[in-house]
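Below, each structure is written out as structure tokens.
Okay, so chain A shows up in both of these, paired with chain B first and chain C after.
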Partner chain A sequence: MEQIKRFVADFGLPRIIIAVYLLGLFLMAPMVGVSLPGALSDTSIRIGMNGIMVLALVPMIQSGCGLNFGLSLGVIAGLLGATCSIQTGYVGARGFLCAILVSQVFGAIFGYGYGTLLNRVKGGEMMISTYVGFSSVMVMSIAWLVLPFTSPVMIWGYGGEGLRTTISVENFWRHILDDFLAVQISDFKFPTGAILFFLFVSLAIWAFFHLKIGTAMTAVGSNPSYARASGVDVNRMRVISVVLSTMLGAMGIVVYQQSFGFIQLYDGPLYMAFPAVAAILIGGAGVNKASLTNVFIGVALYQGILTMTPLIFNAVLKLDMSDVIRIIVSNGMILYALTRKTKVLK
Partner chain B sequence: MILSLRGIGKQFYGNRVLSDVSFDVAPGQIVGLVGENGAGKTTLMKILFSMPEIHETGGYEGGIFWNGKEVRFKSPFDALDAGIGMVHQEFSLIPGFTAAENILLNREPLYKSALTDIFSPRISRLDRKTMTELAKAAIDKLGVALDPAMLVKEMPVGHKQFTEIARELCRANVKLIVLDEPTAVLTESEAEVLLSSLRLLAAEGIALIFISHRLREVVELCDRIVVLRDGKKIEEVPAKGCSAKTIASLMVGRSVETQRAESAGIHEGEKDDDKEEPVLSVERLWVDMPGETVRDVTFSVKKGEIFGIGGLAGQGKLGIPNGIMGLSPAGGVVKLHGKPLRMGSPNAALERGVAFVSEDRRGVGLLLDEGIDWNITFSAMQIRDKFLKPLLGGLFQWRSDREMCSVANEYISLLDIKCTGPRQRVGNLSGGNQQKVCLAKAFALQPDILFVSEPTRGIDIGAKAIVLETLKRYNSEYGTTIIMVSSELEELRSICQRIAVIYEGRIEGILPHTALLEEFGVLMAGAKDAPKTPNEERPAESDRRSEH
Partner chain C sequence: MKSSMKSRLRLFLIENAVVILFIVLIAIAIPASRLPGSFLLQEILTRLGRSSFLVIALLLPIMAGMGLNFGMVLGAMAGQIGLIFVMDWGIVGIPGLLLAMLLSLPISILLGWLCGSIMNMAKGREMVTGFILGFFMNGVYMLFALYAMGSIIPVTNPELLLSRGYGIRNVVDLESVRQALERFIPLKVWGVNIPVLNYLFIAAVSAFIVWFRKTKLGQDMRAVGQDRAVAGATGIAVERTRIIAIIISTVLAGFGQIIFLQNLGTINTTNSHEQTGMFSIASLLIGGASVTKASIPNALVGVILFHLLFLVAPMAGKNLIGSGMLGEYFRQFVSYGVIALSLVLYEWKRAAQEDDARALLRGGAGSDDGKGGTL
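After this line comes the complex of A and B, so read on.
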């Protein structure tokens, strides 16, 4: 009994409830006629799609910049990378790598400016970052119309100018990670490549926080005055964390696109930050401390529920309301996640 | 006598903080209550006001007589009802309200109406006209120009203090007001105005108890001065003919002879060859640290010395290490081994082998959310590249958690840190053990020069002894020069060779540890040269003569 109590205290009751609920959904699936293998493969694909964007929040949380509501800026860098890559006409792995590389360059540039801005608004980072995210999306909405892209795949069919709202990557690098070493058993498909890529990037982040610089970054988030008194350049660490976060966000959206099959421009990036933030909070991260465990648990729980709830409800209610339910569930979870500030221990 | 305290005593969990304190206050009298930090002034006033923490810790001894009758107030409200007012050190005012609203808060005159009879007085309207009049009357008693309609947040500090006092005055039956360091935040001219208002009040027959560290004000204002030290009433003297100097020596002085005998045996390793190059020399240092401004400080420290910096709170002693370490904006010339140090950069100081144990343990000294190992090793890792393994030919520097743990374990046993292991969160340790972690952090840097700021503040006696002992041992074993800043004069005298006393941001004097306590007292009170109040020079002089 004592052990159970300890476990509940350590793991956090809300997370246990969410996990039990998710487990219940999986158990119900066969009873209401939903294919369990299909549901599982949907969940794993979504984890692979969204994992890196959740991971992108870790550096800024660790350095004390709070939750990166301006993740949209990173997403925009990723969109620039993807569109530039399509403009070059490279296909397959070459095109995908090109998209990642270009997105990292833009991510670094944007992140530097964003980080410098956040250093001037210490204490109000989360509010400012929300505005940075929203306003950059709006600026880019104009830019997508005027940027000199010429690839016929991307520009509007009429007029011949400006980019479309959705661009298919089907003929370029769709499912390039998802299909890599994918395991297919009847209707169960495991996106090995995407999951491996997510784990690889996670490993890199884990390693980063075991380096001298990563240690300094953690200390800055834990107590900036202590870090300063120990000779750490606090502002520099914060900028580095923001650059890192923006670059990861850029990489994350490219991975998302290869799985989703489309590049969504204009207000596509607008609501990218909230699900990621909700996932990491549900995973148990605090505003100043986040671990990879938080990322893994969070992304699995959040994406699992988001996939399963509409499937089960549709099957039970015999209605096609999947999108409505999805929106209610996802926003409900975001709301819940944002209201909980306490950190759990494990 | 309006108030008589008889044999008041108090202990907190067996720790005696007050014993047998008695004094009287007559109507219209101003009694000064002075004493060092921790002398028991605050506890005494808490007993008078019957604060909940007094009851929760087992009440007090002795009796309080109010108007000749013994009273036992059950709560601060009883004390207020009886006619005792309190002006706090920190303002307890509502910034968005006007002076009048603050003065009459919760006592507002109300309009009567049928509705309030039916429902409750809570819905009655405020009689703003009468409010302003009442507030005005209270302010007029103080003899200052203060607009009752002014918002508190827009007031200069002095006006806020007046608003606080006016609030106490405005109670219909107030007969005694306790002022806890009312001038601490005021400029000198504001303080002057306040003091004259207080005299006006006394002339109207209101008794005042005035607590202050500014001894000159106390001597100037009060009729009688009660000196507390270590929870006992040491002296009750009429202020007339008294000087700040005598009060100061009463405040700090224990039995002087025994102290000297004690300290004579302690220091064997004193260095007295003046030819040696100073390891640290500070010239014309100024530091802009809020509440601890350093104006112009020059001193030098020899290698292997333990140098003490003392002085009363707020005089600037804490600014010195914070300025040199680059944590507060500072200027002037600081030379280490003859070479100037770049100011304003903690990194520069740390790299030159200077370490600092901050007085702000929880704010600056520790990572409360991290383990003991991180706290001890972090600075050394960042500055000295310790506990790191180079990877890929030095491209990456990998943190060695195992090395960090073993070093943490070393310090845990060396300093007797009580914990569950090197990974325990520092936030869960007691104050004394946290302080030991702070020291370990500084030692891990293997500094040439170690600044230690208030190392014993807020820790228990056992930990205090270990901290002081460790500093002394570190100094003798490694020849580390230690500069210790402390408000505890006794501690400075017990481990330092020379002690500089800071007063109003300047060095008032540097004394050997063997100097008389009175001499320290004089310097701390700043009575040596007080050009601004020439009228005080004379009694000080006459006192000195009478002593010899």
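After this line comes the complex of A and C, so read on.
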């Protein structure tokens, strides 16, 4: 009994409920006529699609800036990268690389400004980042109307103004990562390239946090006074973490787009941060502590739920409650993390 | 001496930055919109009667030191559920509205208690918690409205139900109670309709707030808002007081949402409440309130300025730049931006005050290091 109690305390009750729920869905799949290989394939594609966006939250959590609800700023940088790349007309790997590179430049610039702002509002980061994110999305919506893009793929035909709301990347770099070395067995497809890319970026982040600068960043997050006393420039570390987070967010959305097949402008990035935040929290991260394990477990559980819930509910109850369940699960998880005394989970 | 003058000027500018900014913006936008003054006056009087109640609902949690109550959408949901039942039972006019308010009351109290208790578990980040709680309860509300109503909870009017036989339609028509308040005491001055009963409701809630502040409970609330530790040491039940502040706010938000929706005449079942929080909070902040200080004049001035800008921005955008969509995005930018700005100013002000306090400790030798950090 004691052991069970300790296990529950260590693992966190919500995480156990979510894991059991997901396991149940997978077990039910064959019974209600849902193709398990297809479901697994969808889940793995979604993991590759969303992984880096979740990873993007790690640096800011580690440096004590909290949950980056302003991830939409990184998403905007990614959108700029993708649209600029399409404007150049490059296709295939060249176009994708161009999108990533441009997005990183914008991500670094936005991240620097955003980080400098957050340094002046210590303690109020989460709420401010949410609304800075929201207002930036609106500023960019105005920008999408007036920016001088000319590629016919992106602008409205006669009578419209500005860029389209969704832009297809089909003829440019759709599935460029997903299809790289992809394993295809009947209706099971494993997006090897996207997963490898996600693992590669994760490895880079892992390495970063084992360098001197990464350790210093973690120190700033866990105890700012101690970090200052040992000669770490707290504000600089925080800015670096925000820049890193924004750049990763920018890269993440480009990876997302290559898999999804579309670039979504205007209101598109408004709520992009929330699923990522929910995922990393489901993975066991706290408001002040996150690890790569949290990212992996979180993205797998969260995307698993998103894939399986509509499939099973449609098959069993003939109704689609997946939206409601998604809203309750993801926001419930964020709420749980906000109300909990922060404790690291393994 | 000089540095204290400078910091006082800085504080004054920071405190009033938002109102000044908006007055300037509106002064530019009104002539540019070329809208007639009589139209603007009628619209503002209507909107004042429609939205002020909701904005006033935000005041008590601010006094209790819990910041902007993003959890007020919970009350809005309760109000909508009350209205949906009244529509189902076919009760029209003012009695219908009063009954809807009565129905919303227990739901609001329950939700407010829940919201207050959760915020007590997240002291110091009440705002972000309330914000996320709003999203979370939206899921629960949808579960209730789209799946429980008409199946487990009896709703029989087929006009309210989705074609599958249960769940509330996306749009609920409030024809039978539409503008019942506005029409109850018709008053027309120089061709402008004045919603007298709405104003009476607003006057009543204002009087309630003024009276409440003077009661023992109101004084306790203010003490809790100033310093939780000190308040607790003097024997005030801090957590209980905070929960009461949120419950009252939630109940008032429920009433406010009913007043708001009866003026509009329709409910968008799944998203009428979503914008209530943002619009009300943005209004209050534009009126010069801050995260720690808000008054009834702030609320009323805020509603006028906010809606004035909302009315003229699209037309001004069209006339100045030639794009309607641009004006619409600008409107949204302003709503989000003013909240971001106020939160930033609040944190800056806190940092500036901490600097001053430290300078005082060091014997008044100014500490203007220009960094503004809290550490």
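Here are a few things to note about the model shown:
FYI, the second predicted complex is superposed on the first by the 309 of 346 C-alpha atoms of A that agree within 3 Å, B and C clash if a C-alpha of one lies under 4 Å from a C-alpha of the other, contacts with A are read in each partner's own complex, and residues count from 1 in each chain.
Following the convention adopted for this analysis, a residue touches a chain if its C-beta (ideal position, glycine included) is under 8 Å from a C-beta of that chain, and two chains touch if they have at least 3 such contacts.
Values in this document were obtained by computation on a predicted structure and should not be read as measured data.
Contact with chain C, but none with chain B, is seen for A:Ser135 once the two complexes are overlaid on the shared chain.
When the shared chain is aligned, no partner comes close enough to touch A:Val8: not chain B, not chain C. Of the two partner chains, chain B is the only one touched by A:Lys289; chain C is not. Of the two partner chains, chain B is the only one that A:His210 touches; chain C does not reach it. Within the superposed three-chain model, A:Arg228 lies in touch with chain B and with chain C [touch as defined at top]. Residue contacts after overlaying the shared chain place A:Val20 against neither chain B nor chain C.
For chain A, the partner that touches more of its residues is C, with chain B and chain C as the two candidates. Looking at the shared chain after the overlay, A:Met321 reaches chain C, while chain B stays out of its contact range.
Shared contact residues of chain A, touching chain B in one structure and chain C in the other: 225, 228.
Listed in rising order, the residues of chain B touching chain A in the complex are 325, 327, 346-347, 350-351, 356, 358, 360, 363-370, 374, 378-379, 381-383, 385, 388, 396-399. Residue ranges of chain A in contact with chain B, taken from their complex: 207, 210-216, 218-219, 222-223, 225-226, 228-233, 288-289. Interface residues of chain C facing chain A in the complex, by the touch rule stated above, are 118, 121-122, 124-125, 127-129, 131-133, 135-136, 138-140, 142-143, 146-147, 323, 325-326, 329-330, 332-333, 336-337, 339-340, 343-344, 346-348, 350-351, 371-375. Residues 69, 117, 119-124, 126-128, 130-132, 134-135, 138-139, 141-142, 145-146, 161-162, 224-225, 228, 234-235, 266, 274, 319, 321, 323-328, 331-332, 334-335, 338-339 of chain A are the ones that touch chain C when the two sit in their complex.
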